[in-house]
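Across the two complexes that follow, subunit A remains constant while its partner is subunit B and subsequently subunit C.
After this line comes the complex of A and B, so read on.
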């Protein structure tokens, strides 16, 4: 009995903070989603489910942001996972220079997103930028682009910046996973005549499945939350070609439509839950 | 220090109650400032480029004023929420249009009607700070949202659309970019829309009517605007839709572009980048000469006010009084290369002197700020960007109208 009371006592501050700063605002968010509150007026009106219905069925800007978010997510998850894995496989073994290379690839992770946005703005600038200068330099000037100004592909260029930003972090997770693999497995594979590719396919890849699950889950969440890098690269407000769910909700709030922003947040939350659920299912299927 | 279990429980309960109360701040809940009257007042604004001049003014007057500067887009989005708290922005500024009206709706402006400082301003230039017969704010800066021209390159002033296109062709022939346009920066890309609309629009409030539904993006007059954007496309710099404001500014300042499609608020930025050429304003006249109503566009942004939620209203008003003195306004104007609405100011800055004739020319109040819904404004402006990016005017207009219909 005494230990149970002590348990409640120690949990009380955390529960109070969690309740006060997460649960209660979340419940209030649900309430505001049914109003036309602008965020500062003393009065507001109930609109029922109209906000939610509009978000889901009649809002091209939100739908466009969702599409962008999914495109961004797909490119970042695939690109970042593949790059991190490649770097980890190449640099996992302790060799001369590998420590420096690891540090080099990890370096972007320690930068602030504002700095990363600044760097990539310079890379992507159509007139003064590095990307077009390199293309011109190697005689591929015909492929010069406006990058962030391309309506259909702008979000993919932001995804490239995001991959550069975080791949090093995921590389560390993979290196940790690879270093956990017993050396005897590789010895046995080599004895059986397995080459480097076969060792990777039949030993490394299956053994780092937990690390892959972690990398994919983390990258998915990170991609859904993408906000500051996009604002840094695209400006505030970003135009629709670069709008994702987080920036859309922010813009709606800034447009003095807090009730509608709350409804968008609910749909955002449901989208995250759905993607997480599908991802877990896929992971379960993949691992039997 | 040790606590009994009872004390710990009280502490936990107290913390929980405090957090619950904090979370309960809902509609109508306003937080009043608890700051004391000591210390500097906060002057909230978005013009980082004016920081040094304001610091000098503060220093010369030995006033206790702290500048709270946010980037313009952030200021547009979040200023009201900050001002309501009262701890930021004892004196503050606001954009004309939606933000001015929102701040008025929230009761944050102090009514300045009848106060002595109001008489120091040019009455017809401060109407954007008035509502329902009350002078809530004082538009301070007078900017021209009209493209800048490098007069070493642009030697003529076309009076109609065909003449403007001919000028662009001449500039192209000289090997320079005819127009530098920051199409990748939504806030500055929209400046060009002002001059593209004023002469094409059937009425001066036509953009506002798009938001209310009385006019449509697909109307002929707006399609004309979009088709003219299409005609401008070959004369914009490479990758125009992805060009940042800084890059467009640099192109112009380096003499690589004849026109910079933003406005006079960037003159000092051009000079800071080392430009020595003479700068003038030049708007595309989008109609025939006989149908042109306006030569350009001005805006009364940067509206000064005293925060009604401030705990230091007297000090905030004293700061506005000081800024309203013609000599001080002159320091601001000449130091920032911006005209002001205060009467009797002597302009000594060479660029201001050169642009002073524009103070009496036929210019329209920038129509872009007639939009109060930022999504609607974004959709309409984005239609122009999409046309430059290769979309047909009709398609871009229809897409924008769909968003307007959903958001109005």
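After this line comes the complex of A and C, so read on.
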């Protein structure tokens, strides 16, 4: 048992820091959420559950942010998963070319969110941007758009940037999944006369279900929590048409409504827990 | 068909990057005249402007310092916890692991506000020390997750042999666990480096003093200052990204392993 005691000592410094600077503030947040504190005044009032009820029932900005979160989530999860899978299927077989392309497609992942935001800010610039320039160049000028300038759809263009940013990362997860499928399964499928599409449908797709679950789960969380990229594109202070919950909370906080921001954080956390729960349920149903 | 899809996606990655790098050598007028073409009169003015005006060398130094301290500390603390998780009896091990796993589920935005208050009270706000501390705290759960995941797969006999020889847990950790876990330590390290280097949230919250900004924060500030002076923004992107892109070019496989492990576990 002597060695057990030593092991607790090993964990002690990490536990102390993590307990003191993560778990403790997490609990304190619950307390702030019941006040109207601005963050620096010595005096503040206890408002009970008023903040929470306001957030949930009576806050258009928060609701707008939540709607944006869900739009963003849907586009990113569907788009990124499909794209990552497509690229992985095309690049799973090792060859010189595929190694290069994998490296290239993964590259955006190592950039910072702010860098990616600036790149896409330029792509979407209505006057000088790449996207419109390309459209004009190929004779599709009538599809020119203001992208981030359109209230209702701006968030969807951010979703495209997010997919560009992280699809390569998820492609790698899929490639790992595909490479674990035993080659005999494909041999058997081929002997049965299965074409490429049938091989994908009856061998690859069912065999990579775990990878899909992983990709969808990670993408869901990542896109629900997205902050840096959106802030980079929306500017600081963020423009509200691009608001998602994470940037909304930041704005409230920067606006010296600390108590209210804490209440928003709680709702945000519950929303994440709910999304995760629903997703687990969906995954279980899908697996029978 | 395969070639077409791959070619299109390659262009989608390459074209914006080439435009950014090329644009950093152009004047604003040049860029708008021909965004795609090579710079007609390449200029280093943007780099000079940014390095001089924005105190970028200092900002770079701050980023390097923050990463150079927080990553090794997180690795050390995380690997100690992981070792304890791997060696403790079943229930204490599960509880210890569970406490850290909790941190993976809680998003930063839910804790950042009370953290801000706490760091402010302790005088740790607006300081690089505070930034390092919060970096360590928020990434410990991921580090524990990856490292414990690895150490738990190691055969118990490996550690027992060392401990029976009278070496004690410390020696078993230092001489056996750490060397054997080298690949997973390396993957974790890369994940942490990328994460801390690119983090915006905490510098945004914690740092007011322009002299203490890190790269992503300084970059975000450019936007306010230069607005649509794209060549200057592009130059900022190039300066901020170059270290990571170069490291990626040389350590490609490790980067992919590290970031993917972090993604899968985090």
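Note that the second predicted complex is superposed on the first by the 283 of 288 C-alpha atoms of A that agree within 3 Å, B and C clash if a C-alpha of one lies under 4 Å from a C-alpha of the other, contacts with A are read in each partner's own complex, and residues count from 1 in each chain.
Going forward, a contact is a pair of C-beta atoms (placed from the backbone, for glycine too) under 8 Å apart; a residue touches a chain by one contact, two chains touch by 3 or more.
In this text, all values refer to a predicted model and were calculated from it rather than measured experimentally.
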**Message:** According to the stated criteria, A:144 is in contact with first (subunit B), second (subunit C), both, or neither; which is it?
**Reply:** first
Worksheet item: Which holds for A:204: it touches subunit B only (first), subunit C only (second), both, or neither?
Response: neither
When the two structures are overlaid on chain A, which partner does A:39 contact: first (subunit B), second (subunit C), both, or neither?
-> both
*asked:* After the superposition on A, what does A:58 contact: first (subunit B), second (subunit C), both or neither?
replied: first
### Message
A:239 in the overlay: touching subunit B, subunit C, both, or neither? Say first, second, both or neither.
### Response
first
Counting residues of subunit A touched by each of subunit B and subunit C, the higher count belongs to C
TODO: Mind working out whether A:21 is in touch with subunit B, subunit C, both or neither, as first, second, both or neither?
DONE: both
* Asked: In the superposed arrangement, does A:265 touch subunit B (first), subunit C (second), both or neither?
  -> second
*asked:* Once chain A of both complexes is superposed, is A:255 in touch with subunit B (first), subunit C (second), both, or neither?
replied: first
| message | One more residue to check, A:124. First (subunit B), second (subunit C), both or neither? | response | first
The intersection of the subunit A residues contacting subunit B with those contacting subunit C is 6, 13, 15, 17, 21, 24-25, 28, 39, 121, 125, 128, 235-236, 250, 253
Seen from subunit B, its contact residues with subunit A in the complex are 5, 8-9, 11-13, 15-20, 22-24, 26-28, 71, 73-74, 76-78, 80-81, 84, 102, 105-106, 183-187, 237-244, 247, 250-251, 373-375, 378-379, 382, 385-386, 389, 391, 399, 402-403, 406-407
Subunit A contacts subunit B in the complex at 5-6, 9, 12-13, 15-17, 19-21, 24-25, 28, 35, 37, 39-44, 54, 58-61, 121, 124-128, 132, 144-151, 154, 234-240, 250-256
Listed in rising order, subunit C residues that touch subunit A in their complex are 2, 5-6, 9-10, 12-17, 19-20, 23, 31-32, 35-36, 77-78, 80-81, 83-85, 87-89, 92, 96, 99-100, 102-103, 105-118, 133-134, 136-138, 140-141, 144, 163, 168-170, 173, 194, 197-201, 204, 215-216, 219-220, 223-224, 228, 230, 233-234, 236-237, 240-241, 244-245, 247-248, 252, 255-256, 259-260, 263-264
As the complex stands, subunit A meets subunit C at residues 3-4, 6-8, 10-11, 13-15, 17-18, 21-26, 28-29, 32, 39, 86-87, 90-91, 101, 103-115, 118-123, 125, 128, 130, 133, 164, 169-170, 172-173, 176, 214, 218, 222, 225, 227-228, 231-232, 235-236, 245-246, 249-250, 253, 258, 261-262, 265-266, 268-269, 272-273, 276
